[in-house]
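Two complexes are shown next, each including subunit A; its partner changes from subunit B in the first to subunit C in the second.
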Partner chain A sequence: MPNTLRVIYSAFRMAMLYWMADPQWIIPNVIAPFVFTAVAFTLFNAYEGSSGPFGLYAVLGGGMMGMWGNTIYSSGFAISFEKWQGTLEEVMAAPSKFIHVIAGRSISNALFGLINMVAVFIVGIFVFKISLGIYDPILFTISLLLTLLSVSALGLIFASAFVLSRSAQTLTNGLETPLYIISGSMFPIALLPFWSHPLAYILGPTWGIDAIRLTTSQQYASQTFWTGMGTNSALFLDLTVMILITAAYAAIATVLFKMVETRARTMGTLVEA
Partner chain B sequence: MNNLRVFVSSAVFSFRAQFNWLSPSMWLTMKFVLSFSQMAFFVFVGIFSGGGASAVSFIAIGNAMQSLSWNTVFSVVQITGQDKWDGTLPLVLATPANRLPLFVGRAMVHVLDGLVSVAISFAFAAFVFGVNFAHADPFALAVTVLLTSFTMAGFGLLIGGFSFHFRNPIVFANIFTFILLIFCGVNFPFSALPRLVQPISYAISYAFPLTYGINAARQAINGASLFNISPILAEQIVVGLLSIAMGYLLFESFERSARKTGKMEAQ
Partner chain C sequence: MAVNERTSEASFKESVGLCVCSNLKYGLNFMNELGSQDGSSSGKAIVAEHLCKTFEITKGMLRRKKTQVVALKDVSFEVDYGELFGLVGPNGAGKTTTIKILTTMLIPTSGRATVLGYDSRKDVTKIREKIGIVLGGERGLYTRVSAVDNLRYFADLYGVPRNIQDKRIKELLEFMGLSDKAHVRVETYSKGMKQRLHLARGLINDPEIIFLDEPTVGLDPEIAIETRSMIKGLVEKGKTILLTTHYMFEADALCKRVAIIRNGDVVALDTPSGLKRYVMETSVVEVEGFGITEKEVARFREMKDIISVSAELGENKQVLKIQTPKGSEIISEVQEVLKDSHIYDIKIKEPTLEDAYLKLVAT
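Then we have the complex of A and B:
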C-alpha cells in the first residue's frame, strides 16, 4: 500500500476505534440533523398547500445533514482534542503529513454521519409512513460515496483553519446550520436569496445532494443549472462538477495545511492559538 | 449575607467560565449567527412546505423564544461538563459554601444572557422575516421572556443535576437543547405531530417551561395583556421551580454518592 494511503487508513482506523470506545459521542453529532429532519417531516405533513417530493427532501436532506454535521463538528473536535491531550505537537512532528492524518479522520467522520441517514430512513418509514424507493441503487451508492468524499475534503479545509483557533468547536457549532441552509439540504436553493446562490454552487455537497435525489426518483428535476435536461445528463454533470470541486478542496487544503503548519512552527503558537 | 455572596460569586464565575472555551468576540458572533441561522432554516422549510405568512410568523416567534435555551440549558449543563473536564469539581464540593445558592447561582447570569438572545432573535423575526409586532403588549411580552429565561434556567439546572451522575454531560446538553424543537410547539402545533407520538409528546411538552413561554409569547405578540396570559405564566413558574428543586436534589444525591464512592469525574 502506498505510504499516503497507509497513513490515511491508519488515521481512519484510529478514529473508528475512538468512536467505538466512546460511542456516546455519536449523539451530539447526529442529534441536530436528526431533530431538524423530524421537524421538517412534521412541517411537510402539517401544511398541505403545496405538492412536492417532500419525503425525498426530508430523508435525503437529513442524511446529508448528518454527514455535514458530523464532519464539521469532528474536524473542529479532532484538533481541539489533540490540543487538550497535548498530542498535537507529536502528530505534527511525525514524518507523516498532517493533512493525511486529518483526511483519514475526516472520511471516518463523514461515514459515521451516515448513521443519521439510516435513523432518518427508519423514522420516515415507520413514524411518518413515507414510501421510499431508490430508482438506481448503483448510481445512488456512487453519488453518495462521492458526496461523502466531497464533505470530507471540505472538512479538511475547516480543520486547517481550526489548527490556529482556540474556538474551533464553537465555530463548528456556528457553521453547521448555515451550511444546511446554503447547500439546500432540506429545500431547493431557489428559495434562498439570489446573492446566496454563488455560495451554494461552490459547495461540492450542493451538487452531491442534487445527484443523490436524481438517482432516487425519476420525478425529481435537477435544481442546479441542469433544469430541463435528462436525468442521466444532469446526473453526469452534477457528479463531474462535484469531483472538480472536491479536487479543488483537496488542493486548497494541502496549501492551507502547509501555511498553517509553517506559521504555527514559526510563531510557536501551535497549542496556545 | 454569606449565602448571597456565594450566590453572586457562583453566578459570575459560571458565566466567566464559559469564556474558557469561548472568546468574547466568538460569543457575540454566535449570538447572531445561531439565532438567525436556526430561524432561517425552519422558516425556509415552512415556506417550502406550503406554509404562508402565518406559518412564517409562527416559526420565527417559536425559534426566537427557543434561542434562549442555548444559554439557559446548553451553557448551564456545560458548566457540569467543564467542572468534570477541568478537574474543578472536587474543589467545588470541598468548599463549606451552602449548596443551594452555589447550585442555583450557576444559572443566573445565563438568564440575562438568554434575554439578549431573544431580543436579537425578535429583531431578526421583525426585520428579516416580517413578523408583525404592531399589536404586541410590550410589558406582557417582556415579563414572558424574563420568566421563560428564568424557568428554563431552572430546567437547565435539572438537566445539569442529572448530568452530574454521568461522565459526559455534553451529551445531555445536546439532547435537551434540541428536543425542545419537537416538543415545545416551536415550529408547529402539537396537533401536527404524528398520532402515534401525540399522547407522549403532550405529556413531555408540559414538563418543559419553554412550552408555556412560547404559548404566552405568541399571545402577547397578538395583543394579549399580562392579565390574560397570567394563568399560563403561573403554570410555567410552578414547572420552573419544581425543576430547580429536582435539580438540587439530584446535585445533593450526586455529592453524597461521590463522597461515599470516591467517584466524581469518572461517573
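Then we have the complex of A and C:
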C-alpha cells in the first residue's frame, strides 16, 4: 500500500511542476482578486479612511478570495484536466487512494492562492497605504496555514463531484461567490442576513479568516462575531472549531470519494470529459 | 492482370524475429523472471467467468429515460502465467470493458474475475499493486513535465520505495531507449516515444501481469514493430500479458492464444493456428483494382458462395479480400462483377488469422 504522505507530496509536486510549466493559469487567479480588492478598498477608504478596519477586510478578503477561488476552481479543474490529458484512468487505476492524489493537488492550489494573498497584501500596503501591522506573526502564520488546509479540505468535497459529472464546473462556479461572501472574507458576517449565519459557521474559512484578523490586529478582537472574549480565547476557539470542521470535511470527503469511486466502477462514468 | 498463388504465412513473424529491438540488450534486472503465483488456487494468472456488464444510460432532464446498454454478455477465459493472451474483436465488441473489469476499474454486473487469485471486485488494492496497465494512444501522460517526472510520480502512486525508484526508472528509460530524452518535456516526444513511455509507466511497479490495450494503434510501422519486439521481450522475461488489438497479424505473431470477442461474447478461443482451421476449407481471393465502389462490395456480399468480404476503398487503389470455399473457380464471377472497374491483380491466398476473424465476427 503506497505511503499516504508520499502520495500527497507527489501529487502536490506534480501540480506545482504544472503550475510552473504553464504560468498563464495564475493570471485569472491573481488579477481577479487584485481588482476586487482595489474596488473594495477604494469604496471602504472613501467611507472610513485607510486606518479603519474595513481596509483590513479588503486586503484579507482579497487574499482569501484568491486562496478560496483558486482552490475551488483548480480542484475541480485538476480533475477535468486529468480527464483531458487522459491520465485520470491511469491515476485511478493505481493502488494509492484517489483522494490522497486530489488532496495533494488541492493543497498546491491553496498554496498558490496564498501566494496570491501575499501579492494582495503587498499591493494593499504599498499602493493603497493600508496600515497592516501583524500583531502576532507566529499565530498569524499558524492561522493562515490551518485556513489553507481547511480551504483545501472543502475543495476536496467539491472535487468528488468532478469525477463523475461534466457539469460539476457549473456547480462550483455558482458556489464560489456566495461562499466567499458568506464566509465573511470581505464583509463582517454581522452585516449579512441572519439566515446566512449558520451557513457561515459551518464553513472552516469563516473561522480561519476571523483567526487571521485577530492575529493581525489586537484592537480588532472586540469586533469579531464571537464577542465577550479576549483575543487569545477567541483565537483558540476559532482555531479549534476550524480544526474540527476541517476534520469533518476530510471525513465527508473520504466517504464521498469512496462512494464516487464505487459509482464510477459500477456506472463506468469515470472518463466523461 | 496477373493471377498468383501465394501460400506463405504473413511475413510479419519473420520481421519481428529479425527486428528484435536493440534495447533488449539492457538487462531490466529488476524484473521477475517468472510471475509469482500469489494466492491463486487455480494456477491461472487471470480467470474470467461469465462476465456480464450492462450500463444504464439516463437521458432527459424532467422525463428521465433510462436505457440499458449491454457491453458484455458472457465472457469467459483463462490466462496462464507467462502467457501472452490476445483479445481481438471489432470496435464496441467489449475488449476494453473486459480489460477494465480485470484491472478493477469496472465492477461486472454478473460473473466473476480473478487476477493472480484475487477477486477483481473486492481485492482492488492487492490487484492494482501487482498489475500494469498500458492504454494506447498519445494521451495518458503528463506532457508538460519530463519522462522522469512522469515515472517518479507513478512510482509514488504505486508505492515503489524511493531507494528502488532511481535504479528502476534508469533501467526502464534505457530499456525503452529514452535515456537521452529523460529530462525533456514529454510534449516534445514523437508518437513512438510517447508509446514507449506508456510502456515504461506500465512497468514502473514491476507488475506480474501487464494489460496492453491496443498498444500499437496509430503508430508508424517501424515503431509498431519496435513496440511488438518490446512486448515479446517482456514475455521472455516471464511476464503475463493480456493484449487487445485490432491487428490480426499482430495477434498471430505475438499471442499464444487468442479469444475473438463479438457483441460482448467470446465467439472463439484457440491458438492462432487453431483459429485458422475455422477457414481451412476456404481460400481468400485478393483483388486490387481501381474504380471499385461500395456497390460492387455489396454485390459480392450478396453472393451465396462468399463467406466474407473486407474492402479497403482507397482513393487511388481499392483492395478486396473475398473469402470463399470455391477458390480460383470464383475468379470469373469476380471479373464479371468488376467488369466496369480496372483490375490490377488477383491473388489466391491461404487463409490467415484475419480471415478466420472475419469469418467468426461475420457469422
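In this section, the second predicted complex is superposed on the first by the 260 of 273 C-alpha atoms of A that agree within 3 Å, B and C clash if a C-alpha of one lies under 4 Å from a C-alpha of the other, contacts with A are read in each partner's own complex, and residues count from 1 in each chain.
Just so it is clear, contacts are C-beta pairs under 8 Å (C-beta built on N, C-alpha and C of every residue); 3 or more make two chains touch, one makes a residue touch a chain.
Here the structure is a predicted model, which means the values were calculated and not measured.
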>> Contacts for A:94 in the overlay, against subunit B (first) and subunit C (second): which applies, first, second, both or neither?
In response: second
> Which of the two partners, first being subunit B and second being subunit C, lies in contact with A:191: first, second, both, or neither?
Replying inline: first
> So, does A:21 touch the first partner subunit B, the second partner subunit C, both, or neither?
Replying inline: second
> Quick one: subunit B or subunit C, who's touching more of subunit A?
Replying inline: B
> Looking at the overlay, does A:177 come into contact with subunit B only (first), subunit C only (second), both, or neither?
Replying inline: first
>> Identify the residues of subunit A that lie in both the subunit B contact region and the subunit C contact region.
In response: 22
>> Applying the document's contact rule, which stretches of subunit B touch subunit A when the two form their complex?
In response: 21-23, 26, 29-30, 33-34, 37-38, 40-42, 44-52, 55, 168, 170-171, 174-175, 178-179, 181-182, 186-189, 192-194, 196-197
>> Give the list of subunit A residues in touch with subunit C in this complex.
In response: 1-3, 6-7, 9-11, 13-14, 17-18, 21-22, 85-87, 89-96, 101, 262, 265-268, 270
>> Under the definition above, what is the set of subunit A residues touching subunit B in their complex?
In response: 22, 24-25, 27-28, 31-32, 35-36, 38-40, 42-50, 52, 54, 57, 127-128, 166-167, 169-171, 173-174, 177-178, 180-181, 186-188, 191-192
> Along subunit C, where are the residues that touch subunit A in the complex?
Replying inline: 53, 55-56, 97, 100, 103-107, 124-125, 128-129, 133, 135, 137, 139-145, 149, 152-154, 156-159, 185, 201
